[in-house]
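In this document, chain identifiers A, B and C correspond to the written order of the chains, with residue numbering beginning at 1 in each.
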């Protein structure tokens, strides 16, 4: 877990440069992973379909950095970044994408169902908002047993339109369970823009939690430090028994909804502008004033790790077909 | 052996589970002070407190989802969905989440969650408070489905369900709560997947569930007067299904009637018929007959309702058809 | 617009009939009223007439037994496309309504023309609609062969396979003539070799039951369940014979000559209207007493026993009775009786006198509550006023259904019959 220079006070909190460099390495690893995945998918090596988190690396990295290993998360269909950030080795995620026994879900889950219970990843969910009530339940279990743990649900702006989201927030706040609702608001529900799915300004989505009397924390989802601090504060609030928190992270999806999405619905110029101005990795690199050689070293390490992951995955074991029903019942 | 009502038997199993396993807790609408809309949880709040007897908002999706999450974190939640009609509101969590976590995770997690619910006609509740939807869940791999018809069964099966590592849909029948029956002194779990032969017979096997077990027994008595000897089998667990007991019975009698209160089309009887025709094909001496409700939403007026749902007379007619001669 | 030819209900209680043969071929022109096919019902073989003009587009059921209401053919315009829904399965017990009129009314009128697969219907909840073969012919005798396929339960097939029995050689007693295990067991029994095998008795002629024989078997078996008692009386038939001879004298050349039995029919009819307890039906737990005497007379035909009915026998003259009887008997022997010839009998007379039988007991003809068995008229010794005399006498035995008739009622009726036989003038 990363450390903070100052734990006390709110405004004065700063994150050390070393920690930020660590975030940078992780975000770049995610980026290189996602790029490799796009490449391998286009090469026809990966079955199924994929959603990458290019542009949203800071949100995953910052939130997971604020968590303890015992804390748990539930992810979404855009799951790779959360899985990496929560601590699953990239080769095991890559192996899962290749459908291998060595995969983090043993080849049974795939890109949208990455699980790694050992590091607290309770699974990625392909039904929008599907993982949110489970997180309320996990948090309830911690509360009932008096364990100082939190449970975090990742979801997007689209999920806030579901009944599941509202029922879950209502119940979580009612019972004051130690849950954190991490809203990655990228302004798109697949191809549907905010103006077609939200009756309130896209930046004001946190108001929905206010309706339940829930604490909310706002942060720039492209600023990993801000995300991290917000998540840290949220965790402290929740674990102290003060109730759940909704962390609103305004972020930007710099790719299509899925790999191969032609994004006919999206303004090309605006997307270009977003890529130039909202890339969290570029923003952090500029802030850290990394030298070219430093950058090259970090990038080379990330690229090598991802390349090795592909080799690991390709060399992995295909699950025997007759094992297909092995885990239907315990 | 003590005699208790079906309702008391359910409560007894819950009490036993709450006393002996601290991981067990209850969630549901109106299960606290009110004691549940069917009175099943009466008195439990007093003994176990609000932390373990949790009254919930009317949020079926969240209730079931919360049950799933806590079960995955090592608790043994027992969720009550007031009427099985309301299961529809929690379908996403039941079907996509509870049933699939274990497979999707490659066996890393399990969901030891029990969902108790009840339904059934016979008291004019209209179309949205008396459905029999158990067959839907038999169609979802990863779920277990139990439908108990007697006090002894409901007690032993509920205790087994709570101990089971898998999500269990536990169906109770509204009109059975007041019926009385003997239960063993000691509460022993009844293993899921084991049928019960209520009555032995030679000519026709009636495989019945829920209320229709009692209707089938009544029909069997009447058939006996006509010289037709009827065996009545209650699978008790619809998933997993004790195919062998059912097949053995049909191989003996050579005729089979399935009976449930749910509508016939696509009902559990269809699955039973498929199992029986395949496993006992060369033993069948008559087409398998199915008894179930007529294909319509349950109407309100008592005369209409009673016309739609099946009774002992319908089972008897079906039994007669299997032994009929031209 | 094509019209479906449906098997008509040709009489009360008719549930099915057996199509013997079609009298028109597919493609042939048909005029309303043309004989279309020959139908063998429980009671009679008759020609069924076309109910529409047009071309016989299709013969759906060429032969075999079908339920009333089943579409057996289609008449329409030349070249018209014919598309038929599979016939609705027939309820097993038609006495129980399976659908309410309200439901019937609620159905769209056009449903009969729709081609969609069967909707989930209430019948499916009875376990019928979806689980039965939609083929129309059923109950076909001799191997239950319908459209070339022997209907047999899986169990029956297995037993037949194991024992090397040809299913086609068996007769099915299950629904729709399906061969069930019991049929195979029964069929298998004699052919099984074993130490206890009976010595060969020569060739056995196997007679399959035709529908008349089956009906006789079924109805008389039913009748056997009734608690009956018999009363026997012997009457002096001198006057009966004399009366017949008097009427003979009045018969014109070419007219039917009355028989003694015609006179007997007339006097029995007169007794029946005086004793309505005997002139009754026992149906569905009710006794229905009739005011008119429709007297059935048992007639042996090559196909079996039939009982045509002489209507209003109490109001007919002996000559009228003779004429009606002669017509019925000749048509019965030719197999040309119509259903109405066989319906509504309130009482039956069975006379085996022509075979020299002195007296016998007849089995009830349900739903009638009594039947009179009449023996041969012959000269016998008779004690009259203490003197031994020789006179023609006849012995009559009345079988009564005790559910409807008490001994005294039967006895009173029989006493009246005896009185009328000995003095027919009292009855005429």
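Things worth noting here:
Convention: a contact is a pair of C-beta atoms (placed from the backbone, for glycine too) under 8 Å apart; a residue touches a chain by one contact, two chains touch by 3 or more.
As the structure is a prediction and not an experimental result, all values here were calculated from the model.
Contacts with chain B and chain C are shared by no chain at all.
Overall, the chain located most centrally, as judged by its C-alpha mean against the mean of all protein C-alpha atoms, is B.
Centroids of chain B and chain C (each the mean of its C-alpha atoms) stand 51 Å apart.
The distance from the centre of chain A to the centre of chain B, with each centre set as the mean of the Cα atoms, comes to 41 Å. Chain A and chain C, compared by their mean Cα positions, are separated by 84 Å. Listed for chain B are no residues, as none touches two or more other chains. Here chain B touches chain C in the complex through residues 254, 257, 263-265, 273, 281-296, 310, 314, 317-318, 321, 324-326, going by the rule given at the top. Those residues of chain C whose C-beta lies close enough to touch chain B in the complex are 92-93, 120-122, 124-128, 130-132, 138-139, 153-158, 172-178, 180-181.
The residues of chain A lying in touch with chain B in their complex are 72, 103, 105-109, 113, 115-117, 122-123, 125, 127, 130-142, 144, 151, 163-164, 167-168, 170-171, 174-175, 325-330.
Residues of chain B touching chain A in their complex: 25, 51, 54, 56-57, 59, 61-75, 77, 92-93, 96-97, 101-110, 112, 141-142, 144, 165-166.
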